[in-house]
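To start, the structure itself, in structure tokens.
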Amino acid sequence: MFYHDGKLQYPVRVDKPNPQFAKLLQQAIGGVEGEIRVCLQYLFQAWNSRGPKKYRDMLLETGTEEIAHIEMLATAVALNLEGSSMALKEEMAAANPMVEAVMGGRDPRHILSAGLGALASDSNGVPFNGSWIIGTGNIASDMYANVHAEASGRVLATRLYELTDDPGMKDMLAFLIARDAMHQNQWLAVLEELGGPAVNLPIPNSFPGASQVEDFAYSFVTTSINKQDSLSTTGRWASGPSIDGKGQFNIREGAPMGQEPALKATDPTTHAQQQQMTDAADDKSFLEQAKDFITGQ
Amino acid sequence: MFYHDGKLQYPVRVDKPNPQFAKLLQQAIGGVEGEIRVCLQYLFQAWNSRGPKKYRDMLLETGTEEIAHIEMLATAVALNLEGSSMALKEEMAAANPMVEAVMGGRDPRHILSAGLGALASDSNGVPFNGSWIIGTGNIASDMYANVHAEASGRVLATRLYELTDDPGMKDMLAFLIARDAMHQNQWLAVLEELGGPAVNLPIPNSFPGASQVEDFAYSFVTTSINKQDSLSTTGRWASGPSIDGKGQFNIREGAPMGQEPALKATDPTTHAQQQQMTDAADDKSFLEQAKDFITGQ
Amino acid sequence: MFYHDGKLQYPVRVDKPNPQFAKLLQQAIGGVEGEIRVCLQYLFQAWNSRGPKKYRDMLLETGTEEIAHIEMLATAVALNLEGSSMALKEEMAAANPMVEAVMGGRDPRHILSAGLGALASDSNGVPFNGSWIIGTGNIASDMYANVHAEASGRVLATRLYELTDDPGMKDMLAFLIARDAMHQNQWLAVLEELGGPAVNLPIPNSFPGASQVEDFAYSFVTTSINKQDSLSTTGRWASGPSIDGKGQFNIREGAPMGQEPALKATDPTTHAQQQQMTDAADDKSFLEQAKDFITGQ
Amino acid sequence: MFYHDGKLQYPVRVDKPNPQFAKLLQQAIGGVEGEIRVCLQYLFQAWNSRGPKKYRDMLLETGTEEIAHIEMLATAVALNLEGSSMALKEEMAAANPMVEAVMGGRDPRHILSAGLGALASDSNGVPFNGSWIIGTGNIASDMYANVHAEASGRVLATRLYELTDDPGMKDMLAFLIARDAMHQNQWLAVLEELGGPAVNLPIPNSFPGASQVEDFAYSFVTTSINKQDSLSTTGRWASGPSIDGKGQFNIREGAPMGQEPALKATDPTTHAQQQQMTDAADDKSFLEQAKDFITGQ
Amino acid sequence: MFYHDGKLQYPVRVDKPNPQFAKLLQQAIGGVEGEIRVCLQYLFQAWNSRGPKKYRDMLLETGTEEIAHIEMLATAVALNLEGSSMALKEEMAAANPMVEAVMGGRDPRHILSAGLGALASDSNGVPFNGSWIIGTGNIASDMYANVHAEASGRVLATRLYELTDDPGMKDMLAFLIARDAMHQNQWLAVLEELGGPAVNLPIPNSFPGASQVEDFAYSFVTTSINKQDSLSTTGRWASGPSIDGKGQFNIREGAPMGQEPALKATDPTTHAQQQQMTDAADDKSFLEQAKDFITGQ
Amino acid sequence: MFYHDGKLQYPVRVDKPNPQFAKLLQQAIGGVEGEIRVCLQYLFQAWNSRGPKKYRDMLLETGTEEIAHIEMLATAVALNLEGSSMALKEEMAAANPMVEAVMGGRDPRHILSAGLGALASDSNGVPFNGSWIIGTGNIASDMYANVHAEASGRVLATRLYELTDDPGMKDMLAFLIARDAMHQNQWLAVLEELGGPAVNLPIPNSFPGASQVEDFAYSFVTTSINKQDSLSTTGRWASGPSIDGKGQFNIREGAPMGQEPALKATDPTTHAQQQQMTDAADDKSFLEQAKDFITGQ
């Protein structure tokens, strides 16, 4: 069960409202790198957790913290929008076409749909999408998803930080940037506690190695037909022991081991064109086959 | 530029077509863990790459390999659907309501929209979505995204492996499972080559540490009000050196440092209700303010 | 800021796990009538609230309660999925085609994507969508949205109640049904406190009545050309005082007051076909105009 | 069956074309508050109606009227776009970076995809989504949905009215604002005719009250741990008779009645990590259990 | 403006309700090949039409007819769902797991969300999406889109026809199949009236041929590196006069004419990793550059 | 299987980077008319092809070419974004509100999410959607879809061509415009090779004409009630031989042949309101029926 105290985790102050920055902040609320995503992602991972218990407990702590981050950002959006409607009215009424351009960098739904408030969408107005909530039930896979979520979230926050000179906004972002640093460390700490790459990889580590096509489990496959211009085989991934310590990296030139696909002829009840009704393998006359089908009805 | 040879990277064989398994395979084509996603993700990361060149080259190699994986899975879907339309017709005509149930586990669009072919959607028929293509321009963030993509992809493939007894399908999946193992190692090899967590973290490492609110960069913040039942502070993330080696993990009890938000009163031109038109800070009579607005028009 | 205690608001018990019911429950989590929607809807309405303060406070209370409802339902899904993977493996291996049908009523992503856990999607696997979060900034409009959200949520819960005989599930749903009853009353209580329809309508009540085309503000417009078969003008909406007490309902036969639209001729730079490049009003030869454009380049 | 006469329900005139206003108008066509939504919503409610017949008849009347509103708005968009492509070409060619900004407030797809015509999307270019069509089959639930749809639609129209000084556009919007006023009254008239809140609530009123957990059907549950700063319990919803007249509002402090969830251990065939394969309830060694699974294959 | 008469364009009769067929019918309502799509597509094309007037008039006729087709199919869905809820309740209560499977082929939202009515979504429950509405403003492009829409719509209808033995449903589909035949002819008649391929192609025909890279306007480019197995150059498209009569088809082997892309080094303010901050062209030490950036702050 | 050479099919050069044009180019990458769509559409059509083999071979050639077009456009976006972040920082810091407007025409996610790179979304930031991939399995239907895809793609490219004066961008677009011309001819060549409209129509031509309601297969149905103002019956589609040569076009006035729909009364377990529980056909008292249901529980 959940509780609240009505206060912000960290102060949110906007010295000079800027509806364009409000639009940018939406990416951190409802974008794929945003706080609704990490909030629901950690909560669902907790709720679906089947042990050990301490990971569930920990995910619940941080998932709950993230609600407070959505709250901070929604407040920041609302504060950045203050006063902007009236200004817009005047701008739209102006004769100068340049003045109208001020509408440009805004999210029109901040006025039209929300009456100067935050939305559950990204910086282009694309709604938050539940498909972004990752929880596979495999803790190593999920921790890597979480590291990325926090990494892309922190990258986003530093970009927002660069794009504002408002001291209040910079201060709020500096806090969120710090929390994202901690959370990156936190999810990697889980991976370390679980034994690190040597134990965790390949994910899932519960699938017997012998059941995969082992020959291809440590090969860097090239698909380039212009190898003299490519540096792709000069990296750590092309030779030496694999990261999981269970194989040796090697290079394998891409080449087909499989057949040219030959599907069975079209099923007449799916109503392809008559001209298609032929056996793909030998291209025999489709007219006979199709005629049979049509006259058979 | 891209080329093809019309053959499959690895043999695809279906011993006993199963339209229900065709539906499950769609998750590996058009799902969030699927091959369209990793294919486009690696290609976009390559195309957007601003150096060093060898990472672009390498991403292009593997992005191109993934097209062949979509090809294999689409072929597998088409083969699993062979013969299923006619059978369905008979089943639907049967009097026995149980027989009708056979339709249950199928994707109806395999017949209705694709005429017994693969779709660009997931196992529930939800279309592939471009928002899943991650490429932040920060290589460490992207590599963690890629590790997760391959981890969840391999988890998915092992689950599909468990759900079929078709030897051909098991063989194809055993190959894809091996490739996903390599690719996990591959992306982690990039991270190792770049210096590992001590150099890479916190991502982005180009943001000066002094500019974040440092006090909170290594604190595990608890939000539980029932601490006696929680194991959340017993893990690696709660004490000891941080993973990036730049701080010490510590525990901090969650508490608000910020204010209770107080937004300015509603802007009359956004047409809230008259009753709302009051200064939120002091709740003074909204009627006066609203009356001014209405009569002022 | 937000907190949690790790316990469920009300007991969740599943006496006989049923993966098909898990699929149905998803509608109450990630569907348009579901708990993620009401949770985020009330929280965004609170965070965007510009007074009076007591409505913000109240929305925050109930928005926070709804997180606990998502938690209960996610737990119910996870419990209903227990044991279902192993069973499925056996079923898929069976020779009997009828047995395969058991997969029918399941969400395949419960296994494939979530490893027997809940998803942020509806009962068809369609992801939660942020566009469902309604918060216009007009409290009367929002309260009616909330009444409907709780009404459709309660309708959904009663349908789920009808579709299960599991005593644990029935008990959980009986609790949620009661909460939805309260919340319907709660949002209507706000509307009553604000003065009821006579004060609130038409929403927004801050737009001067004189500025609308008053003649049409209380007319039921018919569009039927088969009036003898229609009962549409026999209701409360066709005569008598309007609900807001500001007019008299009347019936008005639908008829065009506007012109037949005539847009200007195609702009050549939009590259319509040459044949379209004519003035729509007089259909003069498009060839001349198009020729001018082409030769002018 | 449906018919048309090719004329507009009300005159649509644009005195000074403004492509930025065309973008804003899209919200009223393809947005969640827009006319495609109400049009299809009322038509689907009519088509799915199972009596009494007069409500079906009435929904059909108004659903048909709404097609004419889409028509008016699409015409308004097309008129606002006239002349804008040529102007844009000149602007883009200008050296002054400020001039380029004029592109800002436009929907680029108005030119790129529609050749200066309307789109089936909202003011951010997000496509109309069928999930917004609400028709539960419960008439009271649907009428509240409809009241909200018209309320948010009228709020939107008044905001658009504020954002333009074009007399033609103001006149068109003044007509739509009036129709939305009528439709709000209309849906509330249905609710009154059905008996009002005392009969309708709680929706659905066909579920026996005794089957819900009655104790919680009239309680305002608080989740705040900072009660001294909250006004949430001072409203109409916290005491006195409930709106449906079937209970007394009361205040109940939020507290968990349920257990801490404990899911069964991970199913090995879902391929979590080996380290997770433990009984969540007692945290016994996962290694033994995982080893059994792996070696058992 | 639009009108209705409350009757169906063609009789809709369901002899034996079948909730599984109701699910399949949804594809013809809210699917990409469905009637909502063609209805709105033709209406938007009409509303956006800038001449000649007769095409606008004609599109309006057929767009209006399509509303009646949605109406027929929605009615068909509702009729197919009759009686299915009660049956389901009994099935769910049965002990036999096979019986539960009957839920399989159903759309759960037909009960849960619509109370046994039609939805604005496809046969997998994916909502209708406004991005499917095509209207480019170029009449030839749009007519080909319309031909395809009717072709895929008729293919869908014939598949539905194959999948039912219900005489009422077969009769309704036989009518829709006939209308789709007419509409294919109708859109092609427009293309013929406009002069056929020789006049219309390449679309848009208002772009001066000399402004394109003419050398590539009639070349079939091969990308195969396995030409001996390919029949791709044996078709009509590889030699002879082009369809538009303006060139000769020829075969051209795919080969890059462009450079290997070399983007500029990363912009430090986008916060890539420090290790990336190098000039992609010469791979000079990124550390110096990154150091400058960091210390410069 | 697929290969690459790391070079561009045609040179991509940007003489003067323009982030606003980068935004417009996104429509050609991830829009409904864009290259990801045609690439995946042709590849899926090839992979699902069931003969004759030469069409599969040919689709694979062109599908592979289209990957190179995505590559060119993604490179063009990245080049157009170079230098734009730094500029933006300065603009945002400027005091002049007009300067801030420069942000207007940009896709904020180009900076926030991609670090100055291309995205898999359209010019409004709406993500690519897999539902746009058309492959019905009927080759004639698919070829018409492909003709439209290339026609709308070429229309889009010519509009982009009009909107830039950058010589490099104009050159790249002139190449893509030529390829789209070829591809239109190519798909129409398939239709000609298959026998043209007389053989192909009505699509699918494998459905026996006698099974449709033949009377309506060549009738232009009018729905206008204002015939004197309409030119809709003056076109090629209203008289003369049909395009497929199998009938004569004729005009038929729209009129209902079907009944007024009368659905059965509400199923009580779907929990409509009690007041609805009546037989729609005779409107008998719903109270008795509802009472039975309630008391029967």
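Each chain carries a letter (A, B, C, D, E and F) given by its place in the written order, and its residues are counted from 1.
Simple rule for what comes next: a residue touches a chain if its C-beta (ideal position, glycine included) is under 8 Å from a C-beta of that chain, and two chains touch if they have at least 3 such contacts.
Small disclaimer: the values here were computed from a predicted structure and weren't measured.
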| item | value |
| --- | --- |
| Intersection of contact partners for chain C and chain F | A, B, D, E |
| Size of the rotation, in steps of 5 degrees, that lays the CA trace of chain A over chain D | 120 |
| Approximate Å spacing (C-alpha centroids) for the pair chain C, chain D | 5 |
| CA centroid of chain B to CA centroid of chain F, Å | 25 |
| Junction residues of chain E, two or more chains touched | 1-9, 32-33, 47-48, 50, 53, 57, 60-61, 64-65, 75, 78, 85, 89, 98, 101-105, 111, 113, 115-116, 121, 124-127, 129, 131, 136-138, 140, 152, 155, 158-159, 162, 203-204, 206-207, 211, 223-225, 229-230, 254, 256, 258, 260-261, 263-264, 266, 269-272 |
| Chain contact topology (line, ring, star, complete or other) | complete |
| Contact set on chain C toward chain A in their complex | 1-9, 30, 36, 40, 43-44, 47-48, 50, 57, 60-61, 64-65, 67-68, 70-71, 74-75, 78, 113-121, 127-131, 133, 135-138 |
| Complex contact set, residues of chain B against chain D | 155, 158-159, 162, 225, 229, 260, 269-271 |
| Residues of chain C defined as touching chain D within the complex | 3, 5-12, 32-33, 53-55, 57-58, 60-62, 64-65, 68, 72, 75, 78-79, 82-83, 85-86, 89, 111, 115-116, 126, 129, 131-132, 134, 136-138, 140-141, 144-145, 147-148, 151-152, 154-155, 158, 161, 171, 174-175, 177-182, 184-186, 188-190, 192-193, 197, 201-204, 207, 211-225, 230-232, 234-237, 242-244, 247, 249, 254, 256-261, 263-264, 266-267, 269-272 |
| Complex contacts: residues of chain C adjacent to chain E | 18, 20-21, 23-24, 27, 31-33, 98-99, 101-105, 122-126, 152, 155-156, 159-160, 162-165, 223-226, 229-230, 254-256, 258, 261-266, 268, 270-280, 283, 286, 290, 293-294, 297 |
| Footprint of chain F on chain D - complex, ascending | 1-7, 47-53, 56, 85, 88-89, 92-93, 97-98, 100-101, 103-109, 111-113, 115, 121, 124-127, 137-140, 194-195, 199-200, 203-208, 211 |
